[in-house]
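Each of the two complexes below includes subunit A, the first together with subunit B, the second together with subunit C.
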Partner chain A sequence: MAEVRLARVNKVYEGRGQQVHAVRDLDLVVENGEFVSIVGPSGCGKSTTLRMIVGLEQATSGEILFDGAMVNELDPQARNVAMAFENYALYPNFSAEENIGFPLEARGIPKQERRRRVRALAELLQIENILHQHPNTLSGGQKQRVSLARALIREPAAFILDEVLGHVDGHLRFQMLFDLKRLHQSLDSTMIFVTHDQMEAIALSDRIAVLHQGRLVQCGTRDELYDTPATRFVADFVGEPPTNFFEVRFAEEGGQGVLHADDLTLQPTPEMAALMRSRGDGRYVVGIRPQNLLCTPRAGTISFDATIDIHEYLGERSILTLRRGRHSIQALASAEGAWAPGDEITLNYRPRDIMVFDAETEALVA
Partner chain B sequence: MATGTGEGAPGGGRPVRGAYAVSAATIREWRDDELPDWFKKKRGSARSLIVNRWVPRVMVGVPIAVLLFIVAYPTVQMAYYAFHDINMVSLFKGDYGLIGFTNFERVLTSDRFHGSVLHLAQYLFFGAVLQVVIGTALALILHHCVRNNAARLVILVILVMPMMLPPSIVGVLWRFLFNPSNGAINQALLDIGLIKAHIEWFEIGTSLWTITIADIWEWTSLPFLIVFSGRLGLPPSIYEAARVDGASPFLTLRRITLPMLKEVIAIAFIIRFMDAYKFVDKVYVMTSGGPAQSSELPAYIAYQRGVREFEIGEAAAYAWIIFLFAIVLITLFLRYLKRVLRAQAIA
Partner chain C sequence: MSEKNYRLVRLLLLIFLGVWLVLIMFPFYFQIITSLKDVAEVNRIEPTFWPEVFVLENYSAIWNEPGNFKSLIDSFIIATANTILSLFFGTLAGYALARFPRQSGGENVAMWILSNRMFPPVAVLLPMFFLFEELFGTTDTHMALIILYLVFNMPLAVWLMMVFFRDVPRELEEAAYVDGHKPFKVFFTITLPLVGPGMIAVAMLCWIFAWNEYLFANMFIGTDVKTFPVVIPSFTSGSQTLWNLVMAFSLVAMIPPVVLFVILRRYMVRGLSLGVVKG
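Entry: the complex of A and B
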């Protein structure tokens, strides 16, 4: 197992006279034994990053280091990383057993030994009964397990998992999330997991790296991303349902700083107000997570009224979509409440749950 | 999404092309006024794609009738001739009798036939097999070494050119090239010092080899094309997986590329073997089977006996023997193919 370090890595694709700058000045360290997820929307450069770590793409500039040794010039064969692919990339002419054993075969390990190790791993992943089958006869979930097993069979410097849960549905996804977590704990290995689904990343990772338009926006633990998102984009991307945003103007009212979003007035903490006052800038974007909009008042909460538009019932929770002037606001509520469209209810928030972003740079202010 | 293509439920934007033209059953469910304008414009004046049920029957029936007439009828007629004592004279007199398997016996016991079977075996192995082997190697080398699409196309066109020439013309060309006394090949070999004296390309023992070389030159591009297109169809992600798994290029070739191309290569073999059984053109043009019948193949003898010497009964027996041989071989190939495909759950 190894520490994977990316230092000012750039990737520029050239084609037909135009350049695509897919990854810009990326700095990222994955500690030995750490589980790091790279998340971002489609086209943010996360797959390119991963392919550069594996060696399927050459970095245009910058350094990729495994345990301090530069691997930029090395073939994937020489880097000793294992990868599970989004589309499985199983060898269709091999049985599942041959597929899993192929990395060992490539290293010249004798058949008996291969067989023993494949069987042991198959037991761990509960795929002993499909070892003789060819990939075309397997279901999506089974293929993904075989593909994972093929990555796990050897002891690589790092495991690279590219959207491995992308094609797996509902129930099985939970099972596989659990399996991955368990595997990481038992193998104590460096794992880099790419996904567009922030829920998967939150469920699995020690740290999460958020990429946006080829740049690393923030890398941190779940709580860091959740409570102090570096930019509006991170606040929007991490968390379900997405954060409510309001374009606001900072104003002084009765010796207090307040935020006006048309007819809705939000109350920041005194520290935030002081900060905004010192910046002297009037325009901000404010975010409040739906989880932090409460239907029942608590100590220190401030309230405003809104009208229910849509009520989505999610089992143990409900998502309410509400209207207040021209704002559309989402809030999480308990499923027991008798929510009916058209009802006017009171929403409560704690001033310290407000996230204030710069209107121009969209970076977190407070 | 900026372009708006692909996000097309009916009634929304412009749907994915062909979404309405799935089947006749789907079309029937759409009333004309429900169809979008772009579809009606594309469709033109035709009101409906549903035709009288006799139209497809006639469209399929005519080719079947033609095929029956030009394939099935002669085959049956040939079987009839094969069991009769028939040549040109008796055919015109209308006086020929049933002689059972005599024609077959005559063919199967003749030295000429035995010789031609050996020749065919030699041609199959060194002609057809080598064509597929060389073609496969060329295809994989081209795919591996040349990455630029334009360069690939140029090489492809050059390599495929021999196949575009009429086989008999190729025969004539190579007869000139191989001419022992003033042909270009002997001259070239002498000039670069590979040989001391002229090679007699059309002697007993060499003439069939000469024909085989000409045939390899012309037909190697067919297996090449087939395997090349097969190689293009293999998913790149599998090769990425192989690289990550640490497989060397040779292991990848041996364990992944060749096994995955084996159906395609088998198809190339089938096509070249089928052609081998009816291989007459170059034999006729280059050597006429000679000298001393040393380059005769069964199909050439059948042609010689039937069309030249009008021993129709015997020629028919030859044709049937070749036919049965071909059936056996092709059946074996197809069974192999089926087994491979079933193992991978494709068919």
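Entry: the complex of A and C
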């Protein structure tokens, strides 16, 4: 296992007379034994980053280091990383057993030993009974397990998992999440997991790197991303349902700072107000997570009224979509409440749950 | 659709297919019966549709000329050698064009290769003849036709193989690289088996073309080497064409391609490459 370090890595694709800057000045360290997820919307450069780590794509500039040794010039064969692909990429003319043993074949391991190791791993992944089958006779979940087994069979510097749960649905997805987590704990290996689904990333990772338009916006633990998102984009991307945003004006009223969003007035903490006052800039974007909009008041909460538009029942909890002036606001509520569209209810928030972003740069202010 | 209409449509379909079958099979039928007639019956102005006398000796008479059997062997050598070369070059070039379009010239080169098949062969018949004569001293060899037919078969092989290789998911090769295998090993163990059925289809097309080609064969060879299409017009006696022998010989010449088709057909299953990616 190794530490994987990317230092000021850039990737520029040259097309017919046009350049696409897919990855910009990326700095990222994945510690030895750490599970890091790279998340972001389609086209954010996460797959390109992965392919550069594996060696399927050359970095235009910057350094990729495994345990401090630069691997930029090495072929994928020489980098000793294992990769599981989104669409499995199983060799159709080989049986599952041959598929799993193929990486060992490249390392000149004798047939008997290969067989033994494949069997042992198959037991771990509960695929012993399909080892003789060819990929086209396997179900999606079985294919994914075989593909994972092929990645796990050797002891690589790092495991690279590219959207491996992308085609797995529902119940099986939970099982696979569990399997991955268990594998990581038992192998204590460096794992880099790419996904567009932040829930998967949150469930699995030690740290999460958020990419947006080829740039690393923030890399941190789930709590860091959740509580102090570096930009409005991170606040929007991480968390379900998405954060409520309001364009606000900072004003002084009765000796304290308030935030006006048309007819809705929000109350920041005195520290936030002081900071905004010192910046002298009036326009901000404010975010409040639906989880932080409470239907029952608590100590220190401030309230405002809103009208229920839609009530989505999600089992344990409900998502309420509410209207207040021209704002549409989402809040999480207990499912036991008798919520009916048209009802006017009071929402409560704590001033410290407000996230204030710069209106221009969209970076977190307070 | 009601039961009655359904039956009517089925009936019409069967009638159409029946007529179609008769149209298609009649020439073949006429070839078979002609090969069994005697010369007098063949040359009668009013044709007969069933031989009055069955002359099975026609099938031994075609071997009277000692070069006739050898012509089938020559045809086989030329068609097979040309097919192997076409496939070899076609596979390598097709792979390069499919996987490295930028480095190999891409669409433009692929189009240029294909365009070689577009000119009328007659236009280059004489230039080719002089070119080969000048280069090799003689054109009356197997090698002359084997090389010449590459002009027609290679573009086809390159183009088709390119399309087949494009269908093979790139991830399979990338997965094998990451697994630690060298590009050559990956090409032969992963990629090539997947285009196998395509290669067989290409081989058949190339082989049939080379087996049947007449125009260039007639011009280039004829003394030391003879292919069977050159032999067929030689069944004449004085001023009359011995159609019965022509038909008998061409029926015999049909056997190798038919056998080849029957043997190779089972390898053409596309099934293997299905279900490679995604579930």
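Things worth noting here:
Here, the second predicted complex is superposed on the first by the 366 of 366 C-alpha atoms of A that agree within 3 Å, B and C clash if a C-alpha of one lies under 4 Å from a C-alpha of the other, contacts with A are read in each partner's own complex, and residues count from 1 in each chain.
The rule is short, and it goes like this: contacts are C-beta pairs under 8 Å (C-beta built on N, C-alpha and C of every residue); 3 or more make two chains touch, one makes a residue touch a chain.
Please read these numbers as outputs of a predicted model, since none were measured by experiment.
Overlaying the two complexes via subunit A brings subunit B and subunit C into a clash.
In the superposed three-chain model, the partner touching more residues of subunit A is C, compared with the other of subunit B and subunit C.
With both structures placed on the common chain, the touch criterion links A:His184 to neither subunit B nor subunit C.
Touch criterion not met for A:Arg324: it reaches neither subunit B nor subunit C.
When the two structures are aligned on the shared chain, A:Leu56 is found in touch with subunit B and with subunit C. Judged by the touch definition given at the top, the superposed model places A:Val81 against both subunit B and subunit C. By the touch criterion defined above, A:Ser139 reaches subunit C but does not reach subunit B. When the two structures are aligned on the shared chain, A:His196 is found in touch with neither subunit B nor subunit C. Touch criterion not met for A:His212: it reaches neither subunit B nor subunit C. With both structures placed on the common chain, the touch criterion links A:Arg107 to subunit B and to subunit C.
Note: residues 54-56, 75-77, 80-83, 85, 87, 89-93, 102-103, 105-107, 136-137, 150 of subunit A belong to the subunit B contact set and to the subunit C contact set alike, using the contact criterion stated above. Contact residues of subunit B toward subunit A in the complex are 235, 237-238, 240-248, 251, 255-256, 259-260, 343-346. Subunit A meets subunit C in the complex at residues 54-56, 75-77, 80-83, 85, 87-93, 102-103, 105-107, 135-141, 143-144, 150, 167. Of all the residues in subunit C, the ones that touch subunit A in their complex are 169, 171-172, 174-182, 185, 190, 193-194, 271-279. Residues 54-56, 75-77, 80-83, 85, 87, 89-93, 102-103, 105-107, 134, 136-137, 150 of subunit A are the ones touching subunit B in the complex.
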